[in-house]
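In what comes next, chain A is part of two complexes: it sits with chain B in the first one and with chain C in the second one.
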Partner chain A sequence: MNFKLLEKLSIAFGPSGCEDEVADIIKNEVGHFADEIITDTLGNFIVKINGKREQKMMLSAHMDEVGFMVRKTDDLGCIYFHTVGSISEGALCARRVTLKGNDGIKYKGVIDSKAIHSQTAKERKEYIPTDKMHINIGASSKDEVDHLISLGDFGVFDSDFVKFGNGFIKGKALDDRVGCAVMCEIIKKIREEKITPEYTLYFAFTTREEVGRSGAITATEAVKPDFALILECTAVADIPETPAHKTVSKLGDGVALSLMDHSTVYRREVIEKMMALAKNKGVKYQIKTLVSGGNDAGHIHKTAGGVRCATLSVPSRYIHSDCSVIHEDDYNSMLDFAYNASLSKELI
Partner chain B sequence: MTEFLKKLMLTHGVTSDEGRVTKIIEDEIRPYVDEISYDALGNLIALKKSKSADAKKMMLCAHADEIGFITMFIQDDGLIRIAPVGGIDFVAYSYCTVISSKGVKGVIAPEEGTKPEELKADKFFIDIGAKSKKEAEKKVALGDMFTVIPHMTKLSGSRYCGRPFDNRAGCAVMVEIAKGLRDCVNDVYFVFSSMEEVGLRGAKAATYNVNPDYGIAFDVTDVGDVPGCKPMAVKLGDGAAIKIKDSSVLCDIKLVSSLADIAKEHKIKHQFEILRAGGTDTAVMQTEAGGARVGCISIPTRYIHTQNETIDMKDMAECVKLGTLACNIRL
Partner chain C sequence: MNDIKGLLSALTSPVTVSGYESIAEDTVNELCRLYFDEVINDGANNYQLIKKAKTKGAKKILIDAHMDEVGMLVSDILDGGFLRVTNVGGIDCKILQPCEVTIHAKEDIYGVVSATPPHLMSKKELPNFDELFIDTGFKKEELEEKGVRVGTPISFKYHLTELLNDRICGKGFDDKICICAGIEVVKQLKDTDCEIILQLSSREEIGKSAAVGAYNTSPDLCVVLDVTGAEIPEEKDTIYKSSVMGSGAEISVSAITDVKLTKKLIKFAKDNDFPHQINVDGTNTGTNANDIPTIKCGVPTVLLSIPLLNMHTYAEIISLADVKSTASLTAGFIKSLLKDGAI
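== the complex of A and B ==
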């Protein structure tokens, strides 16, 4: 796997609706490999690679990450915020963040709230609600903070990209920069090995997945694919005190193939074709064993007259936090599976 | 119609796995239509063309899928953990016998000691009689769909209980319409849609593909004639229910009036339906692909989404009469 690329993508600033920085990195990495680049008003970035046949396969990964939006500043220079996408209140307090303020300048900040010393006995037992947390960027008055930040400005977690232990990786926004990185690697590999894929490939780097997936809808309308493979990052609970049937998948056991999630019931024929492909190519994978979450497939499969879809996800612990954790083997397994899928002759 | 309905009822077809059901419908409807196709989501689309030069597109839509359970995890002890597919009332489904699409039978049960208010999906498992994971895996694969064992049982008069009348009843009505439909001013698309029970997903794609001017759904609806039910005017046996609204759609007022006028003129026994909770394919036909004028002809049904949904075949016959004439609606 290309650690440098994933690191670059992970630390990039790209909350839903503000994905340009991520799109620029991707453009620099793989834009020159495209037979055609398609962009649209929602910010989707789509790389087309011509194949032997006209039939269209779309690979899709979303560029956006969960983050924050400035909703109010106060006399003390504190910034009240909304979350962009879903973030547990437990994952917010005392975290480092980056805000992109006036003129696109980035400011470091921390999320603060009442210290444990000042909390009542009741407050100590509960998550502090987002309404009572604020971001401190080191400003001490309303005038000062308003000079730097405007209402509606975006923020993201500020988190280093770290390799640790035996193949583990920690960072922010791994959901879904892993999908973006894998797609970049596939594009490069196809070009470097001078392969003409069977189907015409569209690599759709989509926007706004975390806030309702509008990017995936317009990307699907633009491409009208015959088959779509969604590359995602999924929650996993292979942690203590979780019964076996609720662990979803296991870190290190390979990329997870979805049967059903809250947005899609995957068609059996498609799942069987994916399984056959994996068996054929000796790809390591696991089945996602709990119905949880949803992804761009939810909109892709019912848009533009319907699309056959499959989803592959890298399992991630502590997803939607500043320290999501994935395993290198799962990333490589997604790369292996998706690469073979992109060159297959049997999926459409 | 009763025999064909029974055949449909006894055919396994949980959401996303409707192929067996649509195949039976395809074989039955083929002599009566001009074109047959399937789309990417498994919707069966059968077209009966009009001879009229200015034919418009009338889309009739009944969903072919039924609610059920998907196999998500096989435990070391051979018990199977499942997730609900569609709106499952686990109180109604506790300790039912179930069957997989491959014909494997089992019992669906909650964990011992589960309180009534905790009867949710994560407490349930299916016991197929396997003593180990290894034994279970020979019969069931992850992703296999289960349903409560289907049946169709005659009650007093023209009433039947069984499942899944939702919505094989609608499918049977549409097939009957196709059989009886003569020269029509509209091109009539008979759509047997997929994945309705998880959010009208198949019909959304089918509507895009058909791009109709008018849409009429055929589905079951709740009734207000059993003890303790919410106030609702629809009664079992009082005829075809012309939908005015449900929680997913406000039907097109002109189309509703037109259906009512036809019913009155032809002395078709009918009633009006305002459904508090529940959505139908009608909603996506209204909004997809630029929009269409839509309505829905509903089959009154008691105990929907249980193993003993109950209908009256006389209502079914009225739905067929009204639906057949409705194919000629021009607004």
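== the complex of A and C ==
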């Protein structure tokens, strides 16, 4: 796996609706390999690779990450915020963030809230609601902060990329920069090995998955694929004292193939084809064992006249936080599975 | 270690979970070499850095800032490389799920405190400490080989972030930022004839051992330097007044510390235009200043605190301007007391 690329993508600034920085990295990495590049008003970036046949396979991964939006400033220089996408209240207090302010200047900040010493007995037992937290960039007055930051400005977690233990990786935005990184690696591999794929391939780097998946809808309309493979990152809980049936998947056991989630019931014949492909190519994978989460497939499968879909997800602990954790074996297994899928002759 | 930021970095990068203060012994010895004549490590693990007076019989000033920080200890090593932990000092579970930590075994090991995804949580209640695990990514046997045992200390991962207006963010600023202020005081009292004892006290977060140092050194005056919660909008207009960051030291008024001396300190700050704020602590300061005044036949004690946000987290914020003005106020006040023969 290309750690450098995943690191670059992980630390990039790209909350839903503000994915340009991520799109630029992808464009620099693989733009020159495209037979055609398709972009649209929602910020999608689509790389087309011509195949032997006209039939279209779309691989898709979303570029956006969960983040923050400035909603109000205060006399003390505090910045109140909305979360962009779902972030649990327990993953916010005291976390470091980056805000992109006026003229695109970035500011380091920290999410402040009432310290444990001043909380009442009741408050100590509860999560602090988001509207009682604020971002502190060090500004000391409303005038000062208003000069630097505007209402509606975006922010993301500030978190470095760390390799730890036996093959584990911690970072922010691994959901879904892992999908983006895998697609970049597949495009490079196809070009470097001078392979002409069976189907015409569209690699759709989509926007706004975390806030309603509008990017996936317009990308699907633009491509009108015959088959779509969604590359994602899914929340798992393979931690002690979680009942086995609730762990979803296990880190290190390979990429997870979805049968059903909260947005899609995948067509059985597609699942069977995916499983046959994996068996045939000796690809390591696991089945996602709990109906949980959702992804771009939820909209793709019912857009542009209906699309057959499959989803592969890298399992992630502590997703939608500044410390998401994945295993490199699962990344490699997604790369292996998706690469073989992109060259297959049987999926459509 | 010449400027405050460098010194703070040298002090906060080693972990000194309460009771494990001597992990930072090298830093303490280096401080002694730079600014003091002698260092004592007493039976309660307090360090006293002593700068001797020029003349015999000169007054003894004790400046206390605590060396320990909140943290965790390993309580069990589970299969799959997860650790069960217990907290040392008051840690808010709201900042833990997930967060980065360092496990201080034979080598430092990286870890992430585990979190259950919201869609798998049956109730939205805060976990207890015994429901949290540290994810190390190693196998149990590997952790044991690396020296992880029950009792191995764990600290929040060290990150120092600079914000606007010379405000900085990191871990362990409670109370190491006050050790920095203490060093500034010592620098400013370079030519003043008195013995200065800068005490880096132990276990403030879990029971407080600082009084041992006062007992052993019998000072004529004690200045306790600690941190105080800086104001946030949610506490505005409440009776729980807190001090504003960037507006100078908070002087504590209480029935525990020396009432007359505290009045003198406030007057001194006013007369000499030192930025300062007053907080009425009543009968409990929550600091080492609770214990030191009653040692032996009594120690005249005042308490100054530096405003700090997100106390007991890995993202404590302070203003360097407050640190500098607190040090100047403390040094100026000590000089004036000595000059007037008031102690």
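What we mean here is this: the second predicted complex is superposed on the first by the 348 of 348 C-alpha atoms of A that agree within 3 Å, B and C clash if a C-alpha of one lies under 4 Å from a C-alpha of the other, contacts with A are read in each partner's own complex, and residues count from 1 in each chain.
Quick note on the criterion: a contact is a pair of C-beta atoms (placed from the backbone, for glycine too) under 8 Å apart; a residue touches a chain by one contact, two chains touch by 3 or more.
Source: prediction; values computed, not measured.
Annotation: superposed three-chain arrangement on chain A; chain B versus chain C shows no clash, the two fitting side by side. In the superposed pair of complexes, A:265 makes contact with chain B only, with no contact to chain C. In the superposed pair of complexes, A:226 makes contact with chain B only, with no contact to chain C. Measured by the number of chain A residues touched, the leading partner among chain B and chain C is C.
Contacts of A:2 after superposition on the shared chain: neither chain B nor chain C is touched. Once the two complexes are laid over each other on the shared chain, residue contacts for A:244 go to chain B alone; chain C is not touched. Applying the stated contact rule after C-alpha superposition, one finds that A:289 touches chain B and leaves chain C untouched. Once the two complexes are laid over each other on the shared chain, residue contacts for A:137 go to chain C alone; chain B is not touched. Contacts of A:304 after superposition: chain B is touched, whereas chain C is not reached. Seen from the Cα centre of chain A, chain B and chain C lie 130° apart once the structures are superposed, a value rounded to the nearest 10.
Minimum Cα separation between chain B and chain C in the superposed model: 10 Å. Where the contact sets of chain A with chain B and with chain C meet, they give residues 246. Taken together, the chain A residues at the contact with chain B in this complex read 226, 244-246, 259-260, 265-268, 271, 287, 289-291, 301-308. Residues 74-76, 78, 86, 88-91, 93-96, 107-119, 124-128, 132, 134, 136-140, 144, 148, 158, 162, 164-168, 170, 235-237, 239-242, 246, 248, 292-293, 317-319, 321-323, 325 of chain A touch chain C in their complex. Across the complex, chain A is touched by residues 15-17, 39-43, 70, 72-73, 75-76, 81, 83, 85, 122, 142-143, 195, 198, 201-202, 204-206, 208-209 of chain B. Per the touch definition, chain C reaches chain A in the complex via residues 78, 80-82, 90-92, 94-100, 110-112, 114-120, 124-126, 131, 133, 135-139, 142, 159, 161-167, 169, 229, 231-236, 240, 242, 244-246, 286, 309-315, 317.
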